[in-house]
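One structure is given below, represented as structure tokens, and several questions about it will come after.
Lettered A, B, C and D in written order, each chain numbered from 1.
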Amino acid sequence: MDQIKLSAHSLNLYFGQKQILKNINIDFPKNQVTSLIGPSGCGKSTLLRCFNRMHDLSSDAKIEGSIKLDDLDIYDKKNSVTEIRKRIGMVFQKPNPLPKSIYENMSYALNIHQFPKNEIQKLIESALKESYLWEEVKDELKKPAVKLSGGQQQRLCIARTTVLRPEVILMDEPCSALDPISTRKIEELIVSLKKDYTIVIVTHNMQQAQRISDKVAFMYLGELVEFGNCQDVFQNPQNELTKNYVGGHFG
Amino acid sequence: MRYFSACVFLLLTSCARDSDTIKIKGSDTEVNLAVQLAETFHSDNPEVFVSISGGGSGLGIASLLNGTADMANSSRSINSEEIVLFHKKTITIDSFIFAQDAIAFVVSDELPIDSISTKTLALVLSGTYKNWSSVTSKKMPVNIYGRQSNSGTHDFVKKKLKIAFSPHAKEMNGNAQILEAIKQDNSGIGYVGAGYVIHGGSKGLKVLTVYSGEDIAVSPLNSKMIAAGKYFFQRPLFQYYKSNSYDKVKPFLDFEKGQIGQKIIKEAGYYPVN
Amino acid sequence: MKKRLSRFLNWTILLGCTILVCLFLGIILFDIFSKGMSSLSWGFISQPPTKGMTHGGILPAITGTLWLTLITTLFAVPFGIACAIYLNEYARPSVLTSMIRASIRNLAGIPSIIYGLFGLALFVQALHLGTSVLSAGLTLGLLSLPYIITTTEEALKRIPDSMREATLALGATQFETIKDVVLPKALPGILTGVILTLSRAAGETAPILFTGVAFYINGSTTSVNQEFMALPYHLYMLSTQHQSIEQVRPLAYGTAVVLILLVFVLNIIAFYIRFKQRTQQ
Amino acid sequence: MDVKKRETTDWLLKQLFKAIGLITIVLLGGIFMMLIYNSIAFFAKVNPVDFFTGYQWDPGSVDGNYSILPLLASTGLVAAGSMLIAVPLGIFTAAFLSEFAPGKLQAVLKPVIEMLAAIPSVAIGFLGIVLVGPGIAKLFGIQNGLNALNGSVLLAVMALPTIITISEDAINAVPKTYREASLALGADKWATLFQVTLPAALPGLIAAVMLGLGRALGETMTVLMATGNASAMPGGFLDSIRTITATIAIEMGEVPYQTTHYFALFAIAAVLFLITLAINFLGEYFANSLRKFQA
């Protein structure tokens, strides 16, 4: 059995009166890629954002149940949210580099978490190399990040997250705003990151899910309908709903 | 953040020097005279600053009472209500008469009238005479250009003639504005300190001579008659100050009594106190 | 035929109104500048008034206005921005927040003379600051507060939430997000709002009438609790209170020119910042 | 680990910002309390009926009759006059700007409006004395031009920028589809403007007028310098008048604190405050209905 890194236990979420997530129980195995798929509005992005407490900001979100990172309950008041977000990084749908230079984008989080000054240069270099961005930007680190192309920006966002050496990386449809070539690059990057990080990715793209994920979770109307290995879910889905959604996309 | 706290620190430290600023407020008649006195006074002793504000005799005395002025100029003597207020706050005040002033009644030079009795003046200013035809040959509505209730000049004329001003009297907030209005309005009559008429230039204006009862008509510009105390609307100009701040205002008082001060007072069209 | 006539009529009405509005501005600027430029000289803005304020310059009035603007800035800007940050970044939609918003809108509508009264009651009397440039500056600060809050909040609103989420996702606290990302990006917008508000406050006269403006002071104001002269009051005084109005009329026009130039310079700086920020985006 | 420190500073600053946020309520409350407290002190001495029905504002007189009527009438007269001028002018200019002005012209006209708004009120008051006053005097053959008409013209000039900018927003807020629908039916630009666009923007236009009126009512220096300051009940536009704001400005300086006259000024200030509050509220109400449109 795989070792569990991140898990949700009877998780319910309400926006005001409307219930969005209904009794979600899910385990994300360590150092594997799990894809969350399902029709739009099924709550997969909302679920993803629960894992790094992104809903704290929205005023009318109410969460029941618990989420465990190893054995730490991240919604327990005494755990500091900044520490949790240091261990669980997140990459967003639209690349959102900070309005600073490439270097500052990378160094910002390191300074915030008081990493030793002398290590910062080294950490940045290795993170950029990991995200195959170092060659393209190594001699113009001072350039504003917005000047990079869409694909480069997304890779910068991924590098910015991995430089903190988190344990889990959440990705909310990271490639939906990118062209096919950049998408392929990001997918390769995700597969290479697998050895160091547990990755949870929300995607609309069936082929992408099949290419890069080990486990797949299918959600429908706020409920987790099916969860299993990538091949099983795509080749012989147990649940009727999954079959219709996934039908014709395998092979 | 550092820049901001530096600014605030600079701001607060700079409020050390207050003691040597004499704040003088009050009568609008005297404000221009006070400015000229303050100007020469400051050039003689540069370490003492003087700040002058007008607004009317009432304002001067009120500021003295409220502690926002060291010296109150007033073209009228302090009235009973004000004395009560000073007693309530247990403030004793002294007064100093630094000059005399005569109130000139001014009309447009086209108005066929040269001298006026105090009785007629009372009827015109109280609004009983609404048209100049009751006083002169010209048929024109009477337009009165007076001051607001807080002006000492307004108060002095009202008490001297024992009348209430007509509600239609325009209340200008400065002697200068009155002269300005009458220059353009040949049906206008107004009252200003004599000093203004000399300085303000009286083209298009005429100063009426005033007589009460049988004695001869006197002009406010005739310094001999003023010295003899013959002009009906002649009054001392007061400066009130708190007894306990005497030493702060003493330099300025001495300057006014001094030879240079008296010269400035004469040049400004006021009369020395003999 | 009627159609073309009514169309012509409509066109003249609309165009006529617009031209009339521009004419107002034209007349104001033409009259003031044509008669005021002649008395404008280096001496006029660098010397104190002399001879009973019938000659010399208006330096104390200029320095007085600058003192006022400085104190207004030091007081209104920090509070205004802090309040806007609270409203835009921290506040949850609640009764309290809507009350704050309602009071800001109403504070912006209160006549400036009532701010003068409040300044008199609070700063001059209650806090015993007396009639001084500090009292007047703080009163103008209160007057400017609602405008700074509204313009700052608009600038903060233009920052997309994705920026905030990016920083938060990296483990920054909310204040760090504001300090490191939101404020620096919103700074040009905030600066424009602040400068426009200050140019409006510098032109105000009513609030400073009872809180400390003086008819005449010897030199420029040097300390915070001294009384002060101010450009708008100097113009008011020269045109209504002064002893010889005809003689000082050129000086009054000169003061009006300096006041309008000061206000326009501030406005142009604000437009430049807004223009640069818009094109650079 | 100093995460605790970062977290506590974050929490502390949040409370600080919240406290500063509350200052605005305290400020409005303070102003309101000041006015009410002093007005009550005044009404303890003078019976409110005389205050609202008397005929003359003459605090200096021996029995000191304080009546707000002449001041209220003056304020109303000069504000109404200014709206008569500013509203048609402002709305038509806004219509021209948002519907008919080509882009280049708009780029020129926008700064003109903002410059007009930036001109300090005391400069406009000064022009009232030197330019508009004598002009009116010559035009109507009266002695001096310092009267309600002068005040109305100047206040109109001051209120115009507010009315134009907000009316323009209101007109632009009207959805494009309305115009297309009307044009598609063969109506020409003018019919569309007068029968469709302007009526649809009406709530916004009323909000603009309200806020313009609020600005005109609250103006002090312009009316203090240019309307003659006679405290009698105004007869018409050619009479000198004295508004509430001018009265406060003239008399507040000279009044010893805590006397009846001092409280009287707070009483008339309270009345002015309530009027502007009501007008702001109305403006707000109409502006909200406009915002509903946009949502």
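Please note the rule applied: a contact is a pair of C-beta atoms (placed from the backbone, for glycine too) under 8 Å apart; a residue touches a chain by one contact, two chains touch by 3 or more.
If you want to know which protein each chain is, UniProt gives these names: B = Phosphate transport system substrate-binding protein; C = Phosphate transport system permease protein PstA; D = Phosphate transport system permease protein.
Not measured: the values here are computed from a predicted model.
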In terms of mean CA position, the chain most removed from chain B is A
What chain is most central when centres are computed from CA atoms?
C
Looking at B-D and B-C, which one has the bigger number of contacting C-beta pairs?
B-C
Centre-of-Cα separation between chain B and chain A, whole angstrom:
82
Just curious, how far off is chain C from chain B if you go by their C-alpha centres, in Å?
34
Centroid of chain A to centroid of chain D, CA atoms only: how many Å?
54
Multi-partner residues of chain B (each touching 2 or more other chains)
66, 172-173
Note: chain D residues in touch with at least two other chains are 6-7, 224, 253, 257
Where chain A touches two or more other chains, by residue:
82-83
Among line, ring, star, complete and other, the chain contact graph is other
Contact footprint of chain A on chain D as seen in their complex:
2-4, 6-7
Chain A contacts chain C in the complex at 52, 54, 57, 59, 82-86, 89-90, 92, 94, 96-99, 108-109, 112-113, 157, 160-161, 164
Chain D-touching residues of chain C, taken from the complex the two chains share:
6-7, 10, 13-15, 17-18, 20-22, 24-25, 27-28, 31-32, 79, 82-83, 85-87, 89-91, 96, 99-100, 103-107, 109-118, 120-122, 125, 142, 145-146, 149, 173-176, 199-200, 202-206, 209-210, 232-233, 235-236, 239-240, 249, 252, 256, 259-260, 263-264, 267, 271
Under the definition above, what is the set of chain C residues touching chain A in their complex?
92-93, 160, 162-173, 176, 180-181, 184-185
Note: in the complex, chain B contacts chain C through residues 4, 7-8, 11-12, 14-18, 21, 23, 28, 31-32, 34-36, 38-39, 42, 49-54, 63, 66-68, 172-177, 179-180, 195-196, 199-201, 268
